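First, the structure itself, so that you have it in front of you.
Lettered A, B, C, D and E in written order, each chain numbered from 1.
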Amino acid sequence: MKGATVASRYGGVFVLAVIVAVLPWFLPNSFYFDVVINSGIAAIVCVGLNLLIGYAGQISLGHAGFFALGAYSSAILTDNLGWPPIVSLGSGLLVVALLAFAIARPILRLKGHYLAMATLGMGIIISIVLNQEVDLTGGPDGMPVSSFSLLGQEVDSELGWYWIVGGSLIITVWLALNLIDSAVGRALRAVHGSEVAAQVAGVDTTRYKILIFVVSAVLAAYAGSLFAHYTGFLTPSEGSFFRSIEFVTMVVLGGMASVFGSVIGAAILTALPQFLTVFHDYEHVMFGLVMMLTMIFMPKGLLPSLRNWINKRTS
Amino acid sequence: MLLEIKGLSSSYGRIQALRDININVAQGEIVALVGANGAGKSTLLKIISGVQPVTDGSVYFDGIDITRASSHRRVRLGIAQVPEGRQMFSPMSVEDNLMLGAYTRKRQEIKSSLERCYTMFPQLRERKRQTAGTLSGGEQQMLAIGRALMAVPRLLLLDEPSMGLAPLIAQQILKTASSLKDANVTIFLVEQNAHAALSLSDRGYVLESGEVVMSDSGQNLLNNEQIKSAYLGS
Amino acid sequence: MNFVRYICTLIAGAALALCSFIGIAVADTIKIGSFLAVTGPASFLGDPEKKTLELYVDKINEQGGINGKQVELTLYDTGLDAKEAVTFVKRLISEDQVDIIVGGTTTGETMAVLKEIEKAGIPFISLAGASVIIDPPKKWVFKTPHTDAMAVGMVYNDMKKEGISKIGLIAGAGGFDKSCMKNAQALAEGAGISIAIAETYGKGDNDMTPQLTKIKNAGVDATLFCGFGGPSSIVTKNYAQLGIEGPLYHTHGSCSKGFIKGAGDAANGVRLPCAALLVADQLPDDDPQKTIGMDYIKAYTDKYGSDVSTFGGHAYDALFIAVEALTKAGTTDKAKVRDAIEATENFIGVDGIFNMSESDHMGLSLDSFKMLEVENGNWKYLY
Amino acid sequence: MSLLEITGLSKSFGGVQAVQELEYTVESGKIHSIIGPNGAGKTTLFNMVTGIFKPSSGEVHFNGQDVTGLPVHELAALGISRSFQNLQVFFNMTVLENVMVGRHLHCRREFLQSLLHTPAITRSDEGARHRAAELLEWVGLKAYVGDHADSLPYGALKRMEIARALACEPKLLLLDEPAAGLNNKETQEINELIQQISERGITVVLVEHDMRLVMGVSDHILVMDHGKKLAEGTAAEVRENPDVVAAYLGRGD
Amino acid sequence: MSSELLQFLLSGITVGAIYALVGLGFSIIYNASHVINFAQGEFVMIGGMGTVFIASAGAPFPIAMIGAVLLAVVIGISLQKLAIERARHASVVTIIIITIGASIFLRGLAGVIWNRDFHSLPAFSGEQPIHVAGAVIVPQSLWILGVTVAVAVALFVFFNRTMIGKAMLGTAHNPFAAKLVGINTNNILILSFALAAALGAIGGILIAPMAPTHYQVGIMLGLKGFSAAIVGGLGSGPGAMVGGLLVGIAEALAAGYISSNYKDVVAFVIILLVLFFMPSGLFGSRASERV
């Protein structure tokens, strides 16, 4: 069974890498590239968020706040202070990590709906600040972000971004899978399964909850930073309550405690609105309906439900 | 037979709690079900009340098959339970707890039932405005019995009425229970306190690990050495 | 089995959707693309814009199209999400291969897509207000609405006429509100106006009494409100209830009948700059905007049964500037169409008379605004 | 030698005294049982010893050290482990992983190394996996090793909890009703398991209702009633104690 | 008390009363089913928009209002029967997503079937402001406060004087015991959704004459109502009332004394602080986990 976990870990990453490597030849134009790149960015957030929600069992309805903070700090440092983008990105991650660390302890003492409320409030506070600090962020009208450059090489082609985001996603997934299959990851999952039993096994549950909260916040911020440079323009809607809900929905839709589920969830929910445009006025009605029906009939999410179904069929 | 349980099995979660149980209770009897903790006694009462699903077998009440009947329908048919641990509506007043006991009955009948209940348990009348959570253990047990009687049941299920009570209070509660027989209520009693339970019962069943291992008159069981073994492991 | 059936339906639906959005681009038509915030917090603006575009594209086709070609409108709803706006613009350009884009309800969405527009080189007429969109001018980008700076300038002129010097400001949290407030603060000094107090309210607020109480206590001569939608009515009502001295000014964000209906009697006395559209019937007969305004009002109310707002008017102007340019250019060649738009001259729209140039990609002058006052629950044309 | 010493320990919940002024000593290397009717305060006692509840008053000494009020994971590090009355299984993991969580303190768990899954982590994990598999085999769950925890029958989960607790390499193992819900055969197997655990030199304290089990394995029995000590001694002594008989069977009057 | 402070308080209480009504809906549903219904705000929207459109079809206002409340009730019950009940065993997050899906669905439908314009209802009894010690209050505020108090009293009577109300409370406190005394807990669940929908709709109707209603009006009101319910302690009726007033007053005072830019931030910071010090809200039950 050692072989099994390792195989699923590297096998999955391999399949993902192959898909990422081959996909560009099937993308006819920049629109498809855009959808795929946005899916990838969302997937990075969702993999991190799934570590928090799906694996450690701590809900967050405010992760778009971290996404937006990463995006804006990168943008502000690059454009207002003239820092090199890569340095801005690093500093942005540090800022978000510190902030997440500072609020993690009081927030993660809460449970269930109270935790949901607190993280939601946190996200809303961040989004209001982004809206109000017009001089810094451009307020609701947004701010332009200069393009990303690495070692003097500017990334401005869609394909360039595709490789950056694709590579980041593969590494994120790989790291996440590594983490899950380590003592740290087992401790996290144990926190979800039974906090008291985890403590009895010697797990300092508070420490691990804080750790994973910070990790997921940093991943969200990283994705946000990529997004900022990729689109070249930021508005505070990136940090809104809706975006937070969207991320959580992606995680739950793909499947809790399923890293690849998060990738699939992110891809589906990014692409779905594009499909639903055929319903014109009924686009949102259909979107709400799809959300409800999927969760009613597949409460465990797409990938786990699919896996159960295949298992049932084969056995 | 008022209550007939035929070949009943039940599991909840991963535990097979009951296996092939056959129990009969006739109109007007007091029947005790004794056995050690975890033997499945409470599960059986929950099944009779319809709050726990049956895996196999059937339950008849007064000749009607109630195996799949909803819990509220069973109360209307005349089955009331005094659950283990009292299960008060703790933040609500004593009187409200009693009133809810009569939830299935006509409004105009409640008044007299309430009066009867207060006559039986004068302490409850004194404390009728207090919240149930503030009562002592014994008073809570009285309230639990009173609440079940408010439904004017034909069959009363008593689950561990003496649990956690000081011996004197426990005896008082059990005496009260036996006096209900005079009020034409059939009683099915589950007790850890085997002596007390069997001494006031007409008949008894001994449950061990989810199976009925013995059934006899209360007196015979009381004198049976096997009972002692089931409890004290000797 | 529920689950299987569900998955099948989902896949079938997706396939259907895919086919329908790949399988266009055949007939020889002129394609106009649009992305609007039809839903979301700015639906108040985006919804009439969408209705106007759909209404007039149908009319144009009934009348034979442009240069004999039918017009096809591809319209996406962004829900006021800049990210969606960028994706939709990429889709319009690379997938739907439209010839021109008319859209962008708000400044944020418009600004977000400019990079894409410039890169692809496609004529684009924005429906958003802020001057930053066309200042400095960008090769492919045009816009129709008056800027909020113009509206503020118009209000300040009127204030000076009325002898007002000390004012209070109240604005919402949205892009329009913030930009308007910023302009009001920037332009105040030059206009000889001092801003004693500036207050804001939040998304979804139902009562602005606390903010207005502070304005009242600041002892101002007049108050300028920067915002639109429901809050226009709430602020106006609260203002009247608190009995604040001095007139209340709004900007063109309140140029819709919905504002008066919402505010009721409290709206009386509010002064605001609007496009001529709202008072088309009161304009002198020789005013060139009179007929076009009256026609638009009739067409819109006949079709949708609801009152016109000037926001739909922005879409009307943008659409017809595009149509005129396409007609004149006689081709869908993007560079030629762009040049034709830049050459727009004396185009009479509901927003005013447009004269575009290389340095002016909006083409409206301050006199295209009309100063109105609400009187007896109706617009009154002042000057 | 006493491994665990409890002096004057009390706990109350909103006015209800769950445990009152309890004095109790656990001798190293022996099998102890705590019995008593429902609500006697046995589990509350366990919860205080393992740090889940903070005592209202009194002290707990473990291995000569005052451990009163220490957090649960620190007590675990000192060598106190337990199983639970109501299963506390990590249903989101496999059986093997459940037990591997028990190896937490013995695993390398540096965060960055875990992310990269360095050879050091792999080795340490390998060790944990090996030990966990060994323990599972030892408690008789070899067949279930790779299964998901939520597919196991109840009896197997009980054993898995014991294996998980053993994985911590505890000095003191508290078992809360290990036989509850088990049939006779399974109870007998648990009985044997407890004796084997004791033979490994681990001190065991048992809360149990199944008297056959208790009387069979215990070196020392503490009887609790209403949060207080009712009696203590060997199985024979306790069985003959009239207070105990009355508490269990009721008085025969 | 300065007239300024009084003015802020009046404003805060008026708005807070609406939050309280919405928050009560959250609490009632939570009590019955332990579900947080994120579609609660849509009942507010249906109340306001429903009244507008039923009235525009020619019904007199009182009839339109009753019609809108009934419409909300029907939708609330359908939500329970068609969505929540089917996902009974799903996780908390899954059910949250379902209710969010429902709110997007309902909002979308309202935007299409009705429209996306702002609509006003006439004030129930004029708009002539009333002056109180230098502050002003409009008659509609009095209606809001009056109806909220009336609803609170009615709910108090319902829960304390009627059998069905007591049965609802009993089911919330102890669903197991409720079944044993013969309460049909399924019906209680349906009733709780109906009641919550009605409360939301009443809130929506009350606020519509003050703040124009719109198909999206439910988003923020729902969020604030949720905040009210959480601050007060989930499942506590008085908690939701106090929570609603607290949030409303905090907003008004923050706007008045601190910064109107950051008034919502102040409100949310207060909510967070309350939760940090009282992790189950002001009146929430402090349940301890049994192991």
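Methods note: contacts are C-beta pairs under 8 Å (C-beta built on N, C-alpha and C of every residue); 3 or more make two chains touch, one makes a residue touch a chain.
Quick caveat: nothing in here was measured; it's all calculated off a predicted structure.
Where touching is counted per the definition, the chains common to subunit A and subunit C are E.
Of all chains, the one whose mean C-alpha position sits at the greatest distance from that of subunit D is C. The chain with its CA mean position farthest from that of subunit A is B. Rounded to whole angstrom units, the spacing between the C-alpha centres of subunit A and subunit E is 32.
In whole angstrom, the spacing between the mean C-alpha positions of subunit A and subunit D is 40.
Averaged C-alpha coordinates put the centre of subunit C at 34 Å from the centre of subunit E. Note on chain placement: the centre of subunit C and the centre of subunit D lie 71 Å apart, centres being C-alpha means. Counting partner chains per residue, subunit D has residues 52, 84, 88 touching two or more of them. Shown for subunit E are the residues in touch with two or more other chains, namely 108, 111, 223, 261, 264, 291. Residue ranges on subunit A touching subunit D, taken from their complex, read 1-2, 4, 55, 175, 178-179, 181-187, 189-190, 192-194, 196-205, 211, 257. On the side of subunit C, the complex with subunit E involves touching residues 38-41, 43-44, 47, 199-207, 209-211, 213-214, 217, 229-230, 233-234, 237, 240-243, 258, 261-262, 264-266, 306. Per the touch definition, subunit B reaches subunit D in the complex via residues 13-15, 17, 36-38, 160, 162-164, 166-167, 170, 192-197, 209-210, 228, 231-234.
Looking at the complex, you find that subunit D touches subunit A at residues 50-52, 71-73, 76-77, 81-82, 84, 88-94, 96-97, 100-105, 107-109, 111, 114-117, 121, 124-126, 128-129, 145-146, 164-165, 167-168. Touching subunit A in their complex are the following residues of subunit C: 2-4, 6, 10, 13-14, 16-18, 20-21, 39, 76-77, 79-84, 86-87, 90-91, 93-95, 106-109, 111-115, 130, 132, 173-175, 177-179, 182, 200, 202.
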